[in-house]
Every structure is written in structure tokens, then in C-alpha cells.
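As written, the chains take the letters A, B, C, D and E, and residue 1 is the first residue of each chain.
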Amino acid sequence: MNYNTTVLLIIIPILSSFLVYMPVGLIKKSFKIIFLATILFNLLFSLKIFSVVLKYGNLITIIGNYHPPFGINLVSSFFSILFLIALYIVFLISAIIFIFKNDTKNNQQKISSVLLLYLASFSEIILTGDLFNLFVFFEIFSISNIIIISLKNEKFSLKGSIKYLLISSIGSALLLFAIGYIYAILGTLNLAEIALNFEKISFFSKCFIIFFLMGSILSELEVFPFNLWISDSYAGAKNFVNILLSGISCVVSLYIFIRMFFTIFNYPSISLYSYNFPLDIKLLLLTFFSLSIIVNQLVALTSKNIKRILAFSSAATISTILFALTSGTKSGFSSAILLIISTIISKPLLFLSSHQITKGKMEKNLDSFKNGINRKRYFSILFIVSAIFFTGFPLTPAFFGKLMLFYTYASKLNYYTYFIIVIIFSITVEFFYYFRMIHKLFIKDETERENKNIKNNLSISYFVSGLTMISILIIFFIFPNIYEKVITKMSEEIFNQKEYIQTILKLGEK
Amino acid sequence: MELYSTKKLKDEGFEQILNFFRKKSLWMLHYCTGCGAVELPPTMTSRWDMERFGMGPMATPRQADLLLITGYLSLKSLKRVIYTYEQMQNPKWVIALGSCPINGGIYYDSYSVINRLALYIPVDLSIEGCMPRPEAIIEGFIKLMKQIENGEAVGYKKYQENYKWYKQNQDSVLKREFPVLSGEEK
Amino acid sequence: MMNNYIVRFLIGSLTSIILGLLYMGIGRKFIARIRRCYAGPFYQSFIDVIKLFSKHSISHHWIMDFGIMMGFSGIIATVIFLPIGNFYVFPDMKGNLIIIMYFMTIGYLGMAMGVSASGNPNSPIGIGRALALMIGYEIPFALAVILLIFANGSSLLYNIIQTQQGSIYNWNLLKYPFAFIGTIIALQGMLGEQPFDAMIAPAEIASGPMVELSGKFLGFGFLQHASQIFLETGIITAMFLGGGTIIGFFTKQLFLYLLTLSIASVFPRFRFEDGVKFFWTIPTSFVLFQLILFLIKR
Amino acid sequence: MIDNRILYIFSTILFLIGIFGAITNKNLIKILVSISVVETASNIFLVSIGYIKNSKPPILDANMGKISVSNLNISDPLPHALVLTAIVIGVGTTAVGIGLCIRLFQYYRTLNINRMGDKDEL
Amino acid sequence: MIIGLLFYGIILSFLALFVRKKYNFLRWIIFSFYIFLTLFLTITIGKDSTYFETFNLISILNFDLSLNFRITPLGWLFTLFTTLLLFLTSIFSIVKNKNEDAERLINFFWFILIISNTGLFLADDLFTLFIFWELIGISSYFVISPGWVSSFRAVNYYFIFSIICSFFMFSGIMILYEGTGTFSIQKNVLYFISLFENSPLNAIFVAISLIIGFFVKSALFPFHIWPAQAHAKAPDDFSSVLSGIIIKYGLYRTILFFIPLFLFIKEYPVNHIMVNNIPLFSHILAWSGAITSIIATFLAIESNDMKKLAAYSTVANMGYITTALFSLSSFGIAGAIFHTINHAIFKTAIFLSIAAVKYRTHETQMHKLGGMAYKMPVTFLTFLLAIISAAGIPPLNGYVSKWMIYQGLLSSKFPFLTLAIFLSSTGAFMYLFRALHSIFLGQLPEKFDNVKEVPFLMQIPMYILMFLMVSIGIFPQFVINLINSVLTSYNISNINIKNSMIFSPLSGIDSVKVFLAFTGSFILAFILYLIGKPRKHVQPLDTYTAGQDPADFNLTRELYHFAYKFYGPFEHMFDSFRTDTKEFYDSIERKINEIGGYFRDFQSGSIRGTIYTFMLSFVLIIIYWWLL
């Protein structure tokens, strides 16, 4: 069904990001209101679109009256809109933290414009139906990522942002090569049309496209050989940036991966027949992702800095999600979604509470967690609850994710079942270092004589955002069948590629 | 020196019968001080065979009936002898070998040797001779056995009766402030 | 039925004590003869026991009295289950081997507890050595027991004896000679005779556990040792020499005891860990060899 | 189409040169320059896609006359548009890169990567 | 009604959390009241196995996850004796935790442990079993490192082992679930048996995944180090629960799962390798039990800390139980279950008396203690009876189960297994006496002169335990009837018993007559004791010291206590082949840290590294694709 107004989701943030940046007196005072207004608008509008999607199914917005196969058009399906809403909520929370933190007044204006740009780029990525459009906004997304990371302007953040810049620019070059190649062969850039006749192209070009596309996305997906930028950027970035990074940028790249693999390459039944034997893409991906799970978990186990531990544990979870996706079955997909949900919920909270607990301390390593329960009781409880949610205590979404994961690999995947041992290893290591952190909270710190007098200035913004996140967690714990309907609907939509193509192209011809 | 006549302390009645068994199995703890110790191995082994009379060497005072002092006693070893004597159980007897325990023997004028053992612990039988030969020792044993049988070997009762006197003599020699003895009379 | 058991009980326990003391007396004369001297009369042990009970004694704590009594009663309770000739105290439980093996440990535990409550350091050292030795000689003995149980399909001494009735040829001694040799060496350790008497070494640790036992406690020690001799020799006669009628049973026991004494009077004393090493190597290999032969034949 | 194959080979060579430059250089600015070389390589590849043998450049001017499908002999305009945006993005990334280089120089007083990456305790 | 009990427990646990520090005994009273309630309910429900109860949590993505409970005779028996012992320990801990510093958290997690304990034993399907298994793992971890104050290293082995085993079990369950479609145990066991035929590879994977849990939880050979480590740090009263009950969960689950399997194979040995008519796999397990008991015995002989000694003796007893269990004879299995119960009883007695000693003297090293019997007679008596029954000496309960184990092993013709068990049980007598001597007898050090007996509330559990040991020892028929009901539920032939006379294929014992024999001979000894002349009490230091008066050389009573290297020369015998498994696990941990460190430094490398690795890995993927 044709629904043109979704484009507002992207236009409004870009407009307000320029607006906010202008040094005019009026705006200098009221830029905060504009900033929050655009975020709230986006959230509410996407909820409205969601209600429409529920009624009519996939919505297509045609820009400039160029019907789908030709112009740039946005596709808002059930799967993408829900992702968008979740990301908007996380973005809202981090924005609240950013706005009400009362330091460095001056460049807050500049940062809010970058954040709005960030908002526009990731909403476009999720909604777009055109490959080049995806590339453009993917680039804007990574540029704004780089800027956010480098905000703190000290050693780690600068090094992290430079590393990220180098990798993402090479990635974009590879992506350009891939897009060029696709355009050269298929003559079109519309995702639906590519998906339609992706089967026909030769084996070599298929491999070329897959590898070059993966080359660019994997660096975002924090898979082992490509995630060299995590350790410095997460350690250096500001607190609300960490929430953004862990909550949104990973999930967006996951979305791209799912969209690419499942709808365009039609992953489970992809047929890669070279001259004499089929390329077992599943085995390739499985070995690749399990290697990255093991390495990420090991680095998380052995690193001392709290932020780095959480960063690498989120990287490991993402590789586990990819591990689940490569199984290609419905239950694998639903376990991936469950794990994504648990990451979106609990990861930002982990970063927030760990930042608060180690607020007074110079170096933010494990020992700064000592005696946390007495110093910052509220945030330590937050940390414990979110850690338990993240590691998958029974009846939490992560637990059901793992349940499904075990189920997928237990079923008839002949010798793939033995990859389960990688998962067991990663779960054990994860339990170990999370419970080590929880354990440290309770150890009495001898060196804490002097700063008895630090005022426990509980900033309201942190308190409120912590409260909201905790309430979301509790809701998801008590009513687990919220996400049951969501998952079944999502997996249906993702797994039938034809229905996606029909809605876009058919509408186009009419 | 006989403080009390042995007749008063003589064993009567049931003890009389037990004495027969005590006589037949005398277990000996020989406190080898001085030159007499070398006489004992021949008495114990096959040449003079002490075992015929049911006598055998015992390792600890708790198990022994008979304390054999085999030579002169210096002050230091006197303290040990008294301590060991106290640890032995009634009925117990003491045999002193050689002349030194009787009157100090050839060391009568030495600063450290005690001249008369009987002052400190009740000696039932003394076997003279500047180290009596095994025959004399066996002879002494038989004499002691006869004494036990008709209930006269009552040194241990004498020790109990006038313990203060003995204690006084011991303190005069050993001059130790804190008491040597175990908590018996406390 | 009740008094019948009491009478049987008394018969069983008193025979063991009296005969045990008798064997000790004869044994002392036997050793004296080896040393070319004439030890006291054969009833010398009776005199010693009566003398000991007539002496006063000391005890450090009521646990010491309780322990010594428990030790003695443990051995007596084990003898109850031993088939004396063809007389059984409990007719329906005819000498269960496993019960006997475990009841012996009560004797050791009681004596050990009483003696270690005496406070003298020599006694726990002795007990430590005794227990370490116990783990040594239990292995060959257990192997022999397992062998016999496998052979006769029942762990009742009654059945073992039944299979050995008839002529001398079907004694277990001849059927399983190696097992017999291993068990005889184990018997040496069980009785605590010379090569393995590191636990009551008078020279080193002043007669080990019996350091503080005076008067009647030493008497209990004596009686316990006596009934222990009766018990262990009785088990081995039942197992290997086919315990015959009353008289035959006692003569076989005496023969076994004198055999151990003859070994004892010739050998110097083992250090107890060398003793354990010895037990785990030579007698065990004998019995093991016999067991393997048996398993192959079956 | 034959000669645009030469362009493909040329863009891959350019790509490899750019990568080689990025890897071996010590100075950060040089690395950024080689990164932009990589960007241009991909742009060239993109442009060469639209080449049609002896076709006119797709510029609408007076003498083109009415366009009709039959006599349309112009090269494919779409890649050209794409390249435009790609170049702009390349500029954007390099600009941010230069900004970061300044910031790093202020911090480290040098632009030589080796001296920058001291093995700090993680 | 079970679910009502569990929820009520959760509410109470939170209630107990908020009781203020001042009246913390109130918190522990709530705690013991709840256990009494569970005990009362288990007894009243009785063992009719028709009682079924379900509580569905969620049905999500074609999984209907529900906690359902059923009273099986085995489950009921285990719940009965574990809750009874937990109740006794809770009475003990009311007094003990009066001034413990982190007792609020200990209480909370101990509460969760008890809830999951009943849940685990009454669980009917594998999912509930797993949920409570996980809860137990987590809560017992949090209680062992007491209130999380002491160092984390103490329990990390236990923690890692239990997580590995719980998730291996999870994957095993999933494979079975995928096969059968339900979590119920009966169906899965049947499917598991059929799995051996059609896909042996999967079956072996599932078997290993379930067996690892058993190996870890009951501390068998490769994993036998965690009890000693955990006990040294655990709060004293909890260590009695830890070694009395928590170590039995692995066993319970194996009886549930593997015994039907092996018995089935025993009847129809179609294409399995059979070693003297039991499956090879159960033979290996039996041998692993034997090896563990021998190793643990020799480790216990060496250990100088009394709690470590008791921990190693628990591991040794678990070794007996596994050997007996996997000899698959009716007497073996019955003996194993009976020994589990007896072991729980006398081990709790040992640990409670050790806790009482520690409560008074705050000292666990055995050579620093001594002579406690003269000051704490009740604790001494409990310890003595516990030792007698632990060493398997006749009148008490340890003997009956050991005798049954021997009958089982001998009747199914295992000569060398019996020898191994016999060696470790004689070894058990060695280290148990050492503990008795060095803690309770010998000389009382001066500094413990004013040690008093533990308060009366702590003595109650000791009296009850003593009564239990003696009564089960003399009249074992009550417990054996319960075990018979368990055996019938697994259609194994029952043990025929005629009021305390147990008949086995090899021989029969009548424990009443055994007791009579012992008392008779004790009376005889007492009469002899009265004949002799009355004895005289003497001071402890008045001993034969070769004439040397201790006061002269200011030798204190402490120096006279010989306990430090009790079996020193005996230990030197094993110096040549002494391997320390703890050293092995430490080296693994160091290796992992090293690899992690390497990757971590790799991450923090210079900026150049990034592009280099990017391109390198990109090329590598292509090569890898090319090779594939």
C-alpha cells in the first residue's frame, strides 16, 4: 500500500540537525527543545506507521513519483518498523542523559546536531528499499559514529575513532565496488529487484557480491578480525555514547545483515554451485562466527577495564546472534531475535550502571567495582539485575534465546550439532566474568578511607533513565509472551522473500 | 630406722592369696644407674634365666611392680628415681643392688651422690656386694618373693604412712621450691 | 531361647580367653626353648593376668576406661561369630566372614581411643603405626577372603568348612597353597609379632599404646591380645585348615600360633612403612597369583 | 565494452595502490591520502560501469533534439549521479579524518603512527 | 500443593531478608520453620506415586514450558532424608549465625537452595530438573563464598564445573527433546535407549553430556578437587549441607536416568560390549568410582585441615556409592542408595561436630586442637559414633550399607573392585581415627582451657543424629522397606528381609543379634572392670616421660599433643607418583589467560594494525572460501 509520509521520519531529523546547529540567538537558547521534539516526533510517528502497517501490511513510500524499480523508495515492513521503534526508545533514553548532563555547555549544540544526523541515518538505513541509498546513509551513519566516539577528546577516544574511520572508509570502498558490480550485472539498484533475479547470476559474481558486501558490514558487526576498533572506542567514548554504540549501531548492522542475507540472497536456500561442488556457505560462516565468539569471550575474560569487558561481551553476543542466524531455520532466527531483544534491553543499562558505579574512580578497572553495593546501592542493583538478564537466567528472554539456540543445533543439522560446544564454552566464560563483576561489588575496599565525603549526587537523568530501562526489563520478564507473537510474525515475514518482492514490484507496475 | 614395725602393716586375708600370684609374676623396671646394669642381662637371658620365676623386664613404671636400683644415685638421678617410683602402682617393691645405695659405697664422700637411698624411698631389699653377681641377684629375688608371700614386703605401705617424713628428706636434698611430686598428696 | 544364647555366649567368650592365655603360656615356653632357657610354667599368663587385676591402676579420663573396655569387648564380640570347632554361638549366623573382619576394627578403635585419651605422645605414635600396618596386612587377607568367597559362593565360614571336610586332601591349604602362604604372612602382621611389631616396640616408643596402661587396664590388654590370638588363628584354621572337631580345631590353632612365633623369634623389626611396602608386594602377589589362577580355571 | 575492461583493471590496480599506501605509510596524513585514493578507485570503477561503446555523454543541450528511445545513444547517466554522491561522501570522510589528525597531533605532538600506539595497559 | 510450598518458600525468603540485624535469630527461625513445614508435608503426602502436579510457566514458540512434579518413591525418599538433615542443620545454624557478618545473604540463598532441593527431587520432567539444577548451582555458589566477602578464587572451580555440567545437560536435554517432543523423563529414557540403536554418535554425545554432570557434582576422579576447596571456605554449618546433600544431586539424576538404561541393556545385550554381563560403560563408571575412593582416601590421610579431611572422606564415600551403583546387582543398587542415606547422616554428624569445635575454638588446623573431648563431651560422642558408622563398624548404620555393597559386588563377581573398596574403607578408618585423636583426644592445649560445651540448641541435632545412627544400625528394616519400594519402581528384585534379618545370596546378618553380641561382650568387660581394684584419676601431664618432669623443661600440654604429621612416613611412600590435579587446573587457567592476553594486546595495537588486519582477514576469507 502506498504511504508517502514515512519519508518524514528522515527529513525532519536532518532539517532539525541543521536548524540546531545555527548560532542564532533564539536557537542557541532553545536548541534542547527542538532536539527532544524531533526525537519524540520520530517515536510517535513511527508508532502511527506501525499501526498502519499492522492494518495494511508492508508500506511503500514513493519519492518523486518514481515507482519502485527505478527511484529511491522506502519500505516499512512489520520487521523494520518494530526495530525502528526499539532503537528510537534507546536513542530517547541516551538523549535524555546527554541533554540533562550539565557540563560543557557550549558544544552540546554541535553534538545534538550530530546526534540528529545519526538518528536520520539509522532510520533511513532501516527503511530504505534501495541499495545505493543504503550505502549513502550507511556512510553518514559511520561518520556520525566516528564523531560521537571522538567527543571525549582524550587518548583512547581519538585512537578509537581514527581506527574506526580507516576501517569504515575501506569498507565503504568495498561496498561501492559491490554496488557497482550489482548495477553492472542486474542493471538495477532496487533491493526487491535484485532479490528477484539474484538466482540467475553466475557463481563467481555471487561470491564477489557476498564477500564484498560482507567485508563492509562485518567491521560494523564487531566480528573478530574486523573489530580492532572496539577496544579503544568503547573505552574512550562518553557514557551516553556507549549506550548508543552498544544499543543501536550493533543492532543496525545486524538489521542490514539480516536484510541482505535473508531477503536479498534468500539465505537458507542459497545455491552456490561452482563448477564441481557446492560451496558450503553455512559451514564457512559457522566456523568464522564461532572463532569470533571464542576470541571475543576470551578477550572480555582477560581485560581489566569495565567498559572494555562489556564491549567485548556485547561483541560476543552479536557473534552468537550471527551464529544463530547462520543455522537458517525458523527457530534459529527466533533465537537470534530473542538475543537481540535481550541485548537492546540490558546492554545499555549495563553500561549506564557500570559508569555510575565507577564514577568516582580514576581508572575504571575491576577493582573500582569494589564495595559498590554500599557506595552506589541503586546502581549496583541495576547492574546485578541487568547482568542476570543479559547472561540468561531462567525465564529471561536471553534464556529462551539460548533454549531456542540449543534446540536449533540439536535438531537434524547432522554434524553441525557439535558446534554447540562453542556455545557452552562462551556461556561458561560469560557467566564467569559477569559473576566475578557481581562478586567484586560486595568485596570491602580497604583503600577507600579518604573519599568518605563524596556527595552521592544522584543525577536525576541517570536515575530516571535507569528506572525506565529496569521497568522495561521487568515487563519483559513478567509477560514473556509479548515477544512471542512478534517473533512468529517476524520470522514469517523474513522467510518468504516472494511476499516482500510482490508488495514492492507489483505495486510499482500498477 | 624402722619407723613402724612391719607386723602392723602386714597384709592379711584376701591379700595373702593375691600375694601368691604377685610373687609368681614380678615385673621388673630396672633403673640402670651406676655399675649394676651390666649384671642384669645375664640374669635375664638363658645363663641364669630370670624368666623361670615369671619375672620380665618392663618398659614403663606403670606396668612394673619391682623397681631395681642398680648402683649409686646422684642427686639428679634421685629426682628421676623418685618421679618414676611415684608413677608405679601399688603394690610395688624396691630392690637396691650394690653397696652404694646402702651407705654411698666408694662415693660416700662425693658432693653429688646420696649416701642412703632408704631415706628417700622405702627399700625392701638390698643386695650387698660391689655389684653382686647374678647368683646373688637371683638369691635376692627369691628372698623378696618369700617376703612378698608372707606379706612382709610392705615398703609401699610405709611410704604411704609416713609420706611427710620421706618428703622432708627428699626436699632437704633436692631443695627445689616447687614440689617435685605429682598431685598425690595435694 | 534367651538363656540359651547367654550360655552359648559365655561358652564362646570364656573359651577364647582361657585358650588364648593357654596359647600365650605355651608360646612363651616355646620361644624360651628356642632361646635355650626355661620360661615359667605354661599357666604363667594366668598368673600375670590375676596379678594385674590385683594391682591398683591409674586413668587419665573416663574415656580411657571406656575405650579400653570397648577394645576388649570388640574382640570378644568378634569371637562370638567365630565357629569354634563345630560350635556356633548364633546358630543362624554361622560365622559371617565380613562381620568378623569389620568387628576386629572395633577392638582396634576401642583400644586406640582409650590409649590416645591417656595423653602420652608415645601411644598415638604407636597407634598410627598399628593402623598403617593394618592397611598393609588387610590387603592380602582381604584378597584371600575374596578368593574363598568366590570359591565357595558363600561368605559363611560354615560353608567354607563344609567344603573342606573329608580327607586332608581337600583342605583349602592344599587347594590354594599360595593363598595360604600369603595369609600366614598377613597373620604375622595381624598378631603384631616380631617382624611387624613396630607398634609395641618396647625400645623405641616404650611399648607404644600400652605406655599408660597400669594394673587392670594392662590386664584388659593382655586378655585382648589373648583372645585376638585365638580369633585370628581360629579364622585361618576355619579358612584353610578345615576346622575340625573341638580338639582338632585347638591343635591347629596352636600349631599356627607356634608357626608365627617361630618366625617372630628369628626376625628383627621392620620399620612400619617398609612393613606396609612388604605386605603390599610379597604376600599380596602370592594371593593375587592364586586368585588369577582361580579366575582362569573357573 | 572492451576498453572499459581496461578501466576495471585500472581501478583494481588503483585500489591495491591505495591499500598498499595505507598499510606502509607511517604518517597519518599520508594514510588519509591513500584512503582517498581507494575512494577514487571505487568511483572510477562505478563510472566505468555506465560506459556504452561510442555513445555520447548524457548532457541535455539544445542540439540534442527530442529524445526518443530509438535514437538514444548516450552513456548510462545513473552511475554518474551515483559517483557524484560517492565523491561527496569521500570528501566527508576525509574531512573528518583530517579533523581527527589535528586533534591527535595536538595530543601526541606527532603524526607518526608507530610513536602513537604505545602499548598501554588495557 | 508442592508449588504452593515452593511459592510460600520464596515469599518467606524475601521476608527473612528484611529482618533487621539485631534479631537475626528470628530470620533463622523462619528458615528452620519452613524446612520443618516441607518435612511435615513430605511425610504426610506419603509415597503414592499418583500425585501429579503441574504449573505451566509459558508456552512460547511451540515450547510449552511447565514445572510439573510427581512423587516417585526414589524422589520421595531423597526428599525425606535431605529435608530431615537440612532441618537439623538449620537448628544448629540458628545459634551459630548469631554474630556471623554476612549471614543475611547466606540465609537468603540457603532458602533458595532448599526450595530448589525439594523441587529437584520431585521434578517429573527434564526441564523442571534443569531449572532447579541451575538454581542450586547458583545459590550454592553464593553461599559457599560466605556472603561474598572472602576471595572469589576459593569457589571458582566449583562454579565453572557446575556451569559446564549444567549446560552440557541442557544440550543433552535439547537433543532428547528434539527426538521425543516432550520433556517427560520416562519417554526420554526410552527414546535414549532406542537412540543407541539408530544414531550411536548422537547417543554417545547425549550420554557424555549427562554423565559429565554426574562426574562433576559427585566429585569423581577428574573433578575431585572442588569439595576440599569449597569446604575450606564455606560457612561451617553449610559445609555439612554441602557434603551431605548437594553432592548427592548428580547421583540422584544418574539413578533416574542411567540405571534404567543399563538395566535394559543388561537384559537385552543386543550389540553392546558386555563385560561379565554388565555393559562396558557402567563398568568404566564403577572403576572410576573405585579409583576416586582410593585417591580421595590417600588425600584425606594427608590433609591437616579437619574440614578438608571430611571433604575428601565425602569424595571417597561417593566413590563407594558409584561403584556399588554401577555393579548393577540388586544388592549393589540397594546398598548404594542405603549408603547415600547413611553417608548423609553420619557426614552431617561429623560436620556438625567439626562446626561446634570451630564455633568454640575458631581453629581448623588439627594439630593446633586437641583434647576437646574433655571439655565438649556431647560433641565428642557424636563424632565418635559418626566415626564408628563412617568406618562401617557393625553396631551402627554405616556397617549395614557397607555390608550390602560388599554382598552386591561379590555376588556379581567383581574381585578387584571389592578389593579397591576394602582398601579405601580400611584407609577411611585410618584418617577417621586421626581426626578423632587430634581433635578430641590427646592433650588439651592451655589456650582452650576455658572452652565450654556448645549451647543446648546446637546439641539437639547432635542427639537426634546419634539416635538415628544407632536406630538405623540396629533396625535397618524400616529403611530397607523404603528402598524396596524404590527397587520395585525400577523392577529390580527386592531384598528379602524378615524383621531385621537380611538375607543375601552369600550370607545373612541379623543386626539385632550383632548388637546383642556387642552389648553382651561389653557387659562382660564391665564386670571384669569392676573385679579389678578401683582406678585413680591422674592429671593429664602426669604421664611416663622417662622420669623427666615436664615442669622442669616448661613443656606445655600443647607440645605433648602428637598430631602434626600423624602418618608422615606412610605419606612418604607415595612421594614418587604424587600428581596434584589442582596444579593441572591452575595451568589450564593460566593458559587461557595467556591466550586472552595475546588477543587483548593484539586489539590495542597501533593504528596501522587495523587496516593491515582488515585486508589480511579479507584475503584470508577468500582463500578459505577457495579451499573449501
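Here is the rule we use: a residue touches a chain if its C-beta (ideal position, glycine included) is under 8 Å from a C-beta of that chain, and two chains touch if they have at least 3 such contacts.
The shown structure was predicted, so the numbers you read here are calculated from the model rather than taken from an experiment.
Visitor: Moving only to chains each one touches, count the minimum steps from chain A until you reach chain C.
Guide: When the steps are counted carefully, the minimum from chain A to chain C is 2.
Visitor: Using the touch definition up top, find the fewest steps from chain C to chain D.
Guide: When the steps are counted carefully, the minimum from chain C to chain D is 2.
Visitor: What chains, if any, are shared contacts of chain A and chain B?
Guide: Chains that touch both chain A and chain B, as defined above, are E.
Visitor: Going by C-alpha centroids, which chain is farthest from chain C? Tell me that one.
Guide: In terms of C-alpha centroids, the chain at the greatest distance from chain C is D.
Visitor: Average the C-alpha coordinates of each chain, average all protein C-alpha coordinates together, and give the chain whose average is closest to the overall one.
Guide: If we average C-alpha coordinates per chain, E lands closest to the whole-structure average.
Visitor: Per the definition of touch at the top, where is the C-beta contact count highest among chain pairs?
Guide: Going pair by pair, the biggest contact count turns up for C-E.
Visitor: Relative to chain E, which chain has the most distant C-alpha mean position?
Guide: D
Visitor: What's the distance between the Cα centroids of chain C and chain E, rounded to whole Å?
Guide: Averaging C-alpha atoms per chain gives centres 36 Å apart.
Visitor: Let me have the rounded angstrom distance from the C-alpha centre of chain D over to the C-alpha centre of chain E, please.
Guide: Chain D and chain E have C-alpha centres separated by 69 Å.
Visitor: For chain B versus chain E, what separation do you get between their C-alpha means, in angstrom?
Guide: Here the centre of chain E sits 60 Å away from the centre of chain B.
Visitor: What is the distance, in whole Å, between the centres of chain A and chain E, each centre taken as the mean of its C-alpha atoms?
Guide: Computed value for the inter-centroid distance: 46 Å.
Visitor: Do you know which chain A residues sit against two or more other chains?
Guide: Residues 159, 162, 166, 170, 174, 231, 303 of chain A touch two or more partner chains.
Visitor: Can you list every residue of chain B that touches 2 or more other chains, as numbers and ranges?
Guide: 60, 62
Visitor: Spell out, as numbers or ranges, the residues of chain D touching 2 or more other chains.
Guide: 19, 22, 28, 31, 116-117, 120, 122
Visitor: What is the complete set of touching chain pairs?
Guide: A-D, A-E, B-C, B-E, C-E, D-E
Visitor: Quick one: which bits of chain C touch chain E in the complex? Just the residue numbers, please.
Guide: 5-6, 9, 13, 52-61, 63, 65, 69-70, 72-74, 76-77, 80-81, 89-90, 92-93, 96-99, 102-103, 105-106, 108-109, 112-113, 116-122, 124-125, 127-128, 131-132, 134-135, 138-139, 142-143, 146-147, 149-150, 153-156, 206, 211-212, 215-217, 219-220, 223, 271-273, 276-277, 291, 295
Visitor: For chain A, which residues count as touching chain E in their complex?
Guide: That would be residues 159, 162-163, 166-167, 170, 174, 207, 211, 214-215, 219, 225-232, 279-280, 283-284, 288, 295, 298-299, 301-303, 331, 334, 393-395, 400, 402-404, 406-407, 409-411, 417-418, 420, 423-424, 427-428, 431-432, 435-436, 439-440, 442-444, 480-481, 484, 487-488 of chain A.
Visitor: What part of chain E is in contact with chain C in the complex they form?
Guide: Chain E reaches chain C through residues 371, 373-374, 380, 384, 387-388, 391-394, 399, 402-403, 406-407, 410, 413, 415, 418-419, 422-423, 426-427, 429-430, 433-434, 436-437, 441-443, 501, 506-510, 513-514, 516-518, 520-522, 524-526, 528-529, 531-546, 557, 560-563, 566-567, 569-570, 572-573.
Visitor: Give every residue of chain A touching chain D within the complex, in rising order.
Guide: 132, 135-136, 139-140, 143, 146-147, 150, 153-155, 158-159, 161-162, 165-166, 168-170, 172-174, 176-177, 179-180, 183-184, 189, 231, 235, 303-305, 308
Visitor: For chain B, which residues count as touching chain E in their complex?
Guide: 60-62, 79-81, 83-84, 87, 178, 180, 182-183
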